[in-house]
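First chain written, first letter: the chains are A, B, C, D and E, and each begins at residue 1.
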Amino acid sequence: MSLKNVIAPFSAWARAVQKPFTVPTAETFRPGADRYRGWHINDTEQCIGCGTCSDICQNSAIDMKPVDEPNKGDSGLRPLVDYGRCCWCALCVDVCPSGSLGLSSNYIWIDRDPDVFRYIPGVDRKEWDSDEKGWRKDDGFNLVDPDRVPMPMMMPVEDRVKTWAEVVLGYTEAEARAEAARCVECGLCVAACPAHMHIPDYIAAIRDGHYDVAVNHIYDNNPLPEMCGKVCTRRCEDVCSIGVNGDPLAIRWLKRFATEQFSDLSAVLSHEQPQIGTGKSVAVIGGGPGGLTTAFYLAVRGFKVTVFEALPQVGGATFFGIPKYRFPLGSLEKQIKLMTDWGVEIKTNHKVEPDEFKQLQQDYDAIYIGTGLLKPSSLRAEGEDLPGVMPAIEMLIDHHLGKTVEVGQHVVVVGGGNVAIDAARISRRLGAEVTIAYRRRLEDMPADYEEIEDAEAEGVHLMTQNIPLRVEQLPGGRLDFIWGPAEMISEGGGRPRPKLIEGIENHLAVDKVIVAIGQKPDLRWLPADVAEQISNSWGGITCDENGMTAAPGVFAGGDLVNSTADAISAIADGLKAVDGIINYLGLGTKP
Amino acid sequence: MSVFDYTTQPGFDLISETPNAGTTVDPKEVQLWFGPQHPGITGNMSVQLWLEGDTIKRGITHVGYLHRGFEKLMERRKFIQSFPIVCRMCVAEPDTTEYLLASSLEELSGLDQAVPEKGQWLRTLVMEMSRLQVTLMVMGGQVGTMGMGTAPNWTYTLRDFLLDSFEELTGGRVYHMYITYGGVRRDLTPGFAQRLEATLDRIEERLPYLDDLILNSAVFQQRTQGVSVVPAEWADELGITGPVLRAMGVARDTRRDYPYLKYPELDFKVCTATGSDIYARTQVRRAEIAESIHIIRQILQMMPQEGPYCAKLPNMLTWTIPAGSTYVRAESSRGEMGFVMVTDGSDTIRRVHLRGPSYTNAVTILERMLPGMNIADLSATMVSLQTCPPEIER
Amino acid sequence: MKKFDPDRPWDLTTLPTTMAPQGSRPHAPVEDQCFLGAEADIKQPPKLQEAVATIKNWFRASSLNVLAFGTGCGAIELRPLSTSRFDMSRFGIPGAPTPRQSNVFIISGYLSVKTLTRVIRCYEQMPDPKWVVALGSCTINGGMYWDSYNTIKVLDLYLPVDVYVSGCMPRPEALIAGFQYLMDDVKKGKANGWHHYLENLEWYRENQKQVITDWDLPNYNW
Amino acid sequence: MELFPKIGWTLLSLFVAINYGFLINGLIRKVMARIQGRFGPPLWQPYIDMGKLLVQRNSIMHGYMHWLGPIFRSVGGMGVYVLVPVVIGEPRLAGFSDMGDLLLMMYFMFFGSLGMALGAGDAGHPHSPIGVSRGLSQMTAFEMPFILAVVALAAHVGSFDINAIIATQQHGVLSWNLFANPFASAAAFLALLGMNMYAPFNIVGAPTEIPVGPATEYQNSYLSLMMIGRSALAIGKMVMFMDLFLGGAHSIGAAVVKILAIYFWSVFVGAVFPRFRTEQSVRFFLRWPTAFGVAGVLLTQWVR
Amino acid sequence: MFDINHGNLDDSPDVGQEIVRRIHDRFGDFPARFQKADLVRLDVPQKDIIPVLSWLRTETPFVQLTHLTAVDWLEDGQFELMYLVTAPDLMVSLHLCVRLDRAKAEAESVFNLWLQAETYEQEINEMFGIHFPGSPRQGVPFILEGWRDMPPMRRDFDTVAYCDRTHPVRPGREHQDSRVYVGRKFGEKGYLK
C-alpha cells in the first residue's frame, strides 16, 4: 500500500465541482432519436390491409381487424397492435409492402389498466400519429424481394416479327419456384380476381414444388387456366401488395408454369363434387370462356351439357381474339380436350337461329347465353365505309380461320385496347409498317402495359392524343388518314378527356385503316320477343345476382353482360351461372 | 438427500413456519442464499452457500430463473422471426448474438458472399461499440461490488452516452436488432462519426480518473490482488476464453485467431495481464477499453461512406435454407461466444445452441472457486468472471 | 363499488367489500394500520381522517424504495436509471436491498415460473402498503415469450400490478414517467393493489399454485 | 442549573441535534451524488424517508429482543449526545457533561452497538449474524486506536472529564489537541472512519454482500427509530471529537461548522474507496492507527 | 498435466486434413466434411466416440471441449450429440457428431475427460432426456423447477399446446388472417372440390 496509491483516488473529488452528468429534470423526457423505435403509426390511406406485418410478427402481436370504412382495393383489415406482445423489432415496418406502417419516436405510455395497450394505429387516434421522427421503411433493406424474376423471351425482338411462334418462353422450374417464393400470401389478389381463384394457395404449392396440387387449386374455379396463364388481364397483379413498391408477383406466368407441367390433365385433376345433375341438361350458346366454364363445371356435376358454337372452333374471343404468338392453339386444344373428356358435348359450326332457340328452351332444362360482342363499333368519322377501312375483329377472325388478310405496306390501327395491339402486332408480322392512333395518353391505354412495350419493341409506332377526323381515298388505292391532335382536359372527377384542338389537320398515307375501338353485342339471332325481354339499353343483357336473365331458365354472362370484356370476367360469370342454374333447378343446398 | 435443494428462497425465513423441507442443517454451518433477490448478484441467478462465519465452505450455483426456452422458440419460428429473439440472449451485449445468428445462417445459405462491404464495416463497428459499453459497465461494476458508488456511476453514464449512439444508429437503446441477414438494417446517419468521436473523447477524458479510482487505488489493490485466482491448468480443461483467459497471460482472442468481419484489416493488440486474479482481469478490461476506442476510431476512418449496407434478400417470409450444420464464433466482451446451428432444409431452424463463456464461468469455475472464499469476494468474483445468467440458461 | 369480477382481476376498482379472506392473519386488517395510526380504533372526524390520509400518502409517494431484484431483461435499464445519467434518487426513489425495507417491486419483464416463486415470496415479505410496477410487454400479455413453456404470460393473475410501463424494454425516461404516475396514484390513494391482494388472497393463491408445482409458500399472507 | 430546566434544555438540544443529523445526512447524500456526477435527492429527503417509515405497516415481528435492538441503539446514541458539552460556557447546551465522563460516553457507544447486535441477532436471517460478527470485529479493532487516543488525552489532562480536556485547549488554535497531540488525533480520526462506517470500513452492512447486514430484517418504525438513534449518535460523536480535538466550540455557529467538518472527513475518504474485507479492516486498525495511538500516549508522557 | 503430443500436427500445413487422416487411420473411415478453415465435421458411430474423444483429449492438441449439445431428429428416431473439440493453439475445431437411438437415449459420459461436461450433460439430460450414466448431476434439476412434462427440447414437445394448457393469456384477442378473410368476404369457393 504505497502512499501514492492511497492519495490517487482523491483526484475523483475534482468531479464534485463539475456539472453533473444528470439529465436536468426539465429535460428528463428527451425526444427519441430520429429513427427511434417507439409506438406504431399507420397511414390508413396507404395501408392495404395485406396482413404481412401480422405474418412476420414473431410475437403474434399484430391482429388484423376489420375496419368500418375500408379503401377500395384493400382487404378491409387494419393491423391492431398488442403492446402486451410487441418487442419493437420493427420487422413489421421493414416488411410493410405499402410502406404505410412506421414507428414514431414517442416512447412513454403508462397506465394502470393492462387492457388499454392495444390499438389500431391510424384508426384509434393517438397523440404520436403525426410524429415526423421514428423508424420508417428504408429502401436499402427489403425483407420481401421487390424484383420479379425476369421472364425469358424466346428470341430477340428483331426476329420476333418474322414468326408466329410464341414470344414468351415461360419460366423454368427454378425460376418459377423463385418467383413463387416472393409471395407474401396476403390474399388481396383473391378479392381482385373476378373468379376469385385460390391464388395464394397455388402459388404456395408451386413454391413447394407440388405442381399437381397447384393445378388442382387452379382448376378449382377456372377451366381455362392455360389461356389465363398467358393472356389474362390479371387484375390480381394490379393489387398485389408487393407491387405497391416493387414488381408485382408474376401470378399469370406462375399459373401458366403450373398448367404447362402436365400434358394430361385428367391424370392430375380430381374432383369431389356430387353428381347432382344426372338427368338434367343444359344448352350453352356460344363457346367462349364463359360458356365453356358453365359447361365444364355443370358437366362435372353430372349435367348433360351441349355447347353450340358458330365458328369452327370453340374458345370464342380467346380463340380468335388472341394472336397465336401469345396463345398457341395447342394450349387451347388441351383444355378443350379435358372438357370433352369429362363430358361436355361441343357442336361447332352451329349457329343458333331464332326458331331453334325456342326448341332449345323446350329441350333443355336451362340455357346459358355467352355469345359475346361481335359487332364492331363504328369509327364515327367520314370515310369509314371505304374499302380499305376494316374492323379489327373481322381481321382477327379471318386471320385465325386461316384466310389471307391483306394489309399492304402501311397500316394505321385506331384504338388503344388489347384488340388494337393484337391487330397491330399481327399486321407487323404480316410485313406492314404499323402506326397506332390513340385518342388519349399512353398511360390511359387500356391495353396491357407489357403488350404495349412488346409492340413498341417490335417496331409499332404509337401516336397518342390523336383523334381521327376522316379517311379519304388517295389515288393508287391508298388511303389518307386525316387526324387532329388532342389536348387532355380534366373535368370534375373522372379521368381526363381528350379534346380536339381545332384547326390542325395531319395527314397519314396508309394502305389500310384498322378500326379497333370496341365491339357491340349482336342479339339478332334471338327470337325477337326473348331479345326484347332480356336486353337492355346498350344492347347487352341484364342479369340478376344469380346470372339469370328476365327469361326464366335463361342465363347469360361474359362480355354480353358485364362489358369489362376480359376472359376472366366471363369465367366469373360462368361460375355464377353454374350456381344459378343449380339453384334454379332446385338442386343446390341454398345457404 | 440431494444437495440441490431448490425449495428454499432468498435467505432463511424462519418466520414462514415451514422449515425448508429436505435440508439438513449442520449446526456449525449457516446456509445462505446469495440471490436471486440480492443486490450483489450479477443478474437473476443464485448461489447457495454453506458458510462458516464469513468463509464459504461450499456452494452451488442455481440458474434457470431467466430461462425462456429460446432454443425451443427459435425452432418454431421462421429465420427472420428468430432475429428479434437472439439479442435477448445476453441482455447487456445483444450485438454478438445477432451477428452469430446472421453469420451462421448466411454461411449455411450461401448468403455470406453477398454481404456488402459497408455492411461488414457497420457490423464491426457495432460489435466493437457493444464490447466497449459492456467492458465499461463491468469495469465500474467491479468496484461497485466492493461498495464504491463513484466509479460505477461514472462508467454507467459513459456507457449511456454510447447507448445514445446506439439509439441514433440502430433505433434502440438496449436491444439494437441491427445486424441481420445480409448486412445491417440501416445506414449511418449524417454526422454520426463526429458524435461518436465526441463520446469517445468524453470516455477517454474520464479514464485517468477511473484508473485512479480503481487500478491505482490502494484499497482496490488490496481487495483484488491474489483474490479468486483461476488456476492456469483450468484454461484448456474448462475452455476458458476472453478476459479471464487473457488475465492468465495467454494471448488468445477470437478476433485475431479466427478472423471475421473486418478485424483482419484493423490494427489492434490482444491485451493480457498476469496474475489471473481479479486485479489482472480488471487490468485486461481497462486495456481493452483503450483498445476498443482505438479500434472504433480506425473503423470510423476506414469505413466507406457510400454503398449498400445490406445484401438483396430473398422473401424473408418464405426463405428456406439447405440442410447443414455449422459452428460460428465471435469475441464478446466475456470471451468466445458461438452458435451451433443445424438446419434441415425447411424454413425454420432445426436446432440452435448458444455456447457462451458464462456457462463454464458461472457454474463449473465458480463452484470450484467457492470453497475457502470470503463471502465479501463472491460478488466481485462473479463480476470479474462476467457471469451473465440469461446467456447460461437462454 | 363494482362487483369483483374474476375475469378482470386486474381491475382494481372492483374491490370486494368483504373482509380479509380466510386464512390471513387476524392482525392484517383492511384498515390502514401503521406506527402513526391505529386510527381505526380512534373516532376522528372524517375531514381529519381525510387530511391524515393525504399526508400519509404524500409521505409514501415521496419516498419509494425500489426492491433490488432484477427479475428480467428490464433490470439492465434500472442501472442507468439509478446512476448519474438519470439519477432516480433525486425523485426520492432509492434502491433498497432487502424486501423488508422496500415499497416498490419492479417486475422488469417476463417471469419464469422459477422466478415467480421467488417474486411472490419477496412480494409478501414487503411491508404494506407496497406497489408493483410492471415493465414491458411480457408482463401484460406474455410479450415475445408468448409461446414459451417456462414463462407466465399475464402477471396480474399472480400479483396485483399498480402501474404498467409499456415498451420492450422501457427506457429509463419511461420508467421515470411510470414512477411519476405511481406517485400520483399513491398520493390520490388509488394505488391499492396490495389491499386487493390481501382481500383476494385465495384467488391469487389458486392461480399461483396452478403454475408453481412445487408449492412451499404458506397459504396466508402476513 | 436546576435539574428540571436542565432536562428540558437537554431534550431541546437533543431534538435540534437530531434534526441537524438529518440535515447532515441529506447533505451528505447530496455531496456524494455530486462526486458521482448527479444531483442527488433533496436535502430534506431523510425527513420524508422518516415520515414514510412511520406510516408504513410493520408486517413482521421477531420477538421482543429484536424489537429492543433499535431502542438500545437510539438510547446509546442519545446517551452519548447528552453527555457532551456542545458550546463552552453555555450550561443550557452542556447537557449532563458534568455528570459523566468519557468512559460513560464510550460505554454508551458500545451499549448501542451491542444492543443492536443482540436485537439483530434475534432476527433469524443469516445476514444479521454475519453482519453482527463483522460489526463487532471491526468495532473491537477501531476501539483500539480510539481508546489509545482517549487515554493519551486523558493522561495529558489527568482526568477523563471532558470539560477538563476542553479546558486545556483554550489557548489558541495550536493548543487544540489536533495539533498538540497529532499522533493521538491521527489515531482517533482514523478510528472515526471506522465508527462512521463509510467506505472503506462499511463492511457491516455491505449491500452487495449481506444486504444491510444486521438491519436486514428491520423495517419501518424500527428503522425510523434507528435513524433517530444514528442521528443522535453521529452528532454526539462529532461533538465529542470536536471537544476532544478541536477545542470545543464557543458559539453555536462554530459548533455547527466544526461538526460538519469532522463529519465530512469520513465522507471525503468514503466517496473514493471501495471497502475492505473484515480481516483487512481489522488489520488496518491494528496497524497504523494503533501505532499512532501508542505514539500519542508516548508523546503525552514525553511532553509531560 | 496430460501427455499432449503436440508432435508434428503443428507442422502440417492443414491441421484439419491431418487430424482427420489420423483419426481415419486409427479408428476407421468416418465421413468427414471440411466446412471451413477452422471447422471439420466428423460423423462418428456411437461405439467409437469415447475412444476418439479420449484420444483427442490425451494425445493431441485438441484438448478443449468447447461445447456439447444434442439435436433431436424425431423423423429418424435418433438423437444426435455434437461435441465440438478445439485445439486452441492450432485454431481448428472438430465437430464430432454421434447418432443415438431415440428409444434408448443413453450415452457415455465424457465427464472423466472434461470437468465442465457435467453441466452440459446435466442440461442435455434435463432438456432432452438423454441419460449419461456416471455423470455426476444426472437427474438433478438445472434450469427447470418442478417440471412434470416431457423434456422440453424434444421435438415432440409442443410448447404452444403446453402454454395453452398451463399459462393463461389475456383474453380479447381476435385475429383475421387476411387471406382467409378476403376469400370469405368475396365469396371465394371451389367448383371442383
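The working rule: contacts are C-beta pairs under 8 Å (C-beta built on N, C-alpha and C of every residue); 3 or more make two chains touch, one makes a residue touch a chain.
Computed from a predicted structure; not experimentally measured.
Peer 1: When chain C is left out of the picture, which chains can still reach each other by chains of touches?
Peer 2: Taking chain C away leaves a single connected set, one piece.
Peer 1: Work out which chains are contact partners of both chain B and chain D.
Peer 2: For chain B paired with chain D, the chains in contact with each are A, C, in label order.
Peer 1: Of all chains present, which has the mean Cα position farthest from that of chain A?
Peer 2: Between chain A and every other chain, the largest centroid distance is to D.
Peer 1: Using mean Cα positions as chain centres, tell me which chain lies farthest from chain E.
Peer 2: If we average the C-alpha coordinates per chain, D ends up farthest from chain E.
Peer 1: In terms of CA centres, which chain lies closest to the overall middle?
Peer 2: Closest to the centre of all protein C-alpha atoms: chain B.
Peer 1: Select, from A-B and A-D, the pair of chains that is joined by more C-beta pairs in contact.
Peer 2: A-B
Peer 1: How many angstrom lie between the centres of chain B and chain E, each centre taken as the mean Cα position?
Peer 2: Each chain reduced to its C-alpha mean, chain B and chain E end up 23 Å apart.
Peer 1: Find the geometric centre of each of chain A and chain E from their Cα atoms only, then give the gap between the two centres in Å, rounded to an integer.
Peer 2: About 50 Å separates the centre of chain A from that of chain E.
Peer 1: Report the inter-centroid distance (CA atoms only) between chain C and chain E in whole Å.
Peer 2: 42
Peer 1: So what's the Cα centroid distance for chain D and chain E, whole Å?
Peer 2: 61
Peer 1: At least two partner chains per residue is the criterion; list those residues in chain C.
Peer 2: 68, 83-85, 87, 90, 97, 114, 117, 125, 140-142, 144, 146-151, 154, 168, 171, 214, 222
Peer 1: For chain D, write out the residues touching at least two other chains, lowest number first.
Peer 2: 33, 35-39, 60, 127, 207, 211, 271-273
Peer 1: Mark out which residues of chain B touch at least two other chains, giving numbers and ranges.
Peer 2: Those would be 6, 13, 15, 38-39, 64, 67, 69, 72-73, 76, 84-85, 150, 153-154, 157, 175, 213, 217, 219, 222.
Peer 1: Using the contact rule from the top, write out all pairs of chains that touch.
Peer 2: By the stated definition, chains touch in these pairs: A-B, A-C, A-D, A-E, B-C, B-D, B-E, C-D, C-E.
Peer 1: Along chain C, where are the residues that touch chain E in the complex?
Peer 2: Against chain E, the touching part of chain C is residues 7, 113-114, 117, 140-142, 146-154, 157, 210-214.
Peer 1: Along chain C, where are the residues that touch chain D in the complex?
Peer 2: Residues of chain C touching chain D: 28, 32-37, 56, 59-60, 62-63, 68, 83-84, 87, 89-90, 92, 94, 97-98, 100-101, 103, 125-129, 222.
Peer 1: Note which residues of chain B are touching chain E in the complex, please.
Peer 2: Within the complex, chain B touches chain E at residues 2, 4, 6, 63-64, 67, 69, 71-73, 75-76, 107, 233, 236-239, 252, 257-258, 325-327, 336, 338, 340, 342, 350-351, 353, 355, 359-360, 363-364, 368, 393.
Peer 1: What residues of chain A sit close enough to touch chain B in their complex?
Peer 2: Against chain B, chain A makes touches at 1-2, 4-6, 8-9, 11-12, 14-15, 21, 32-37, 52, 55-59, 87-91, 94-95, 103, 135, 138, 140-145, 147, 178, 181-185, 207.
Peer 1: Applying the document's contact rule, which stretches of chain E touch chain A when the two form their complex?
Peer 2: 170, 172-183, 185-193
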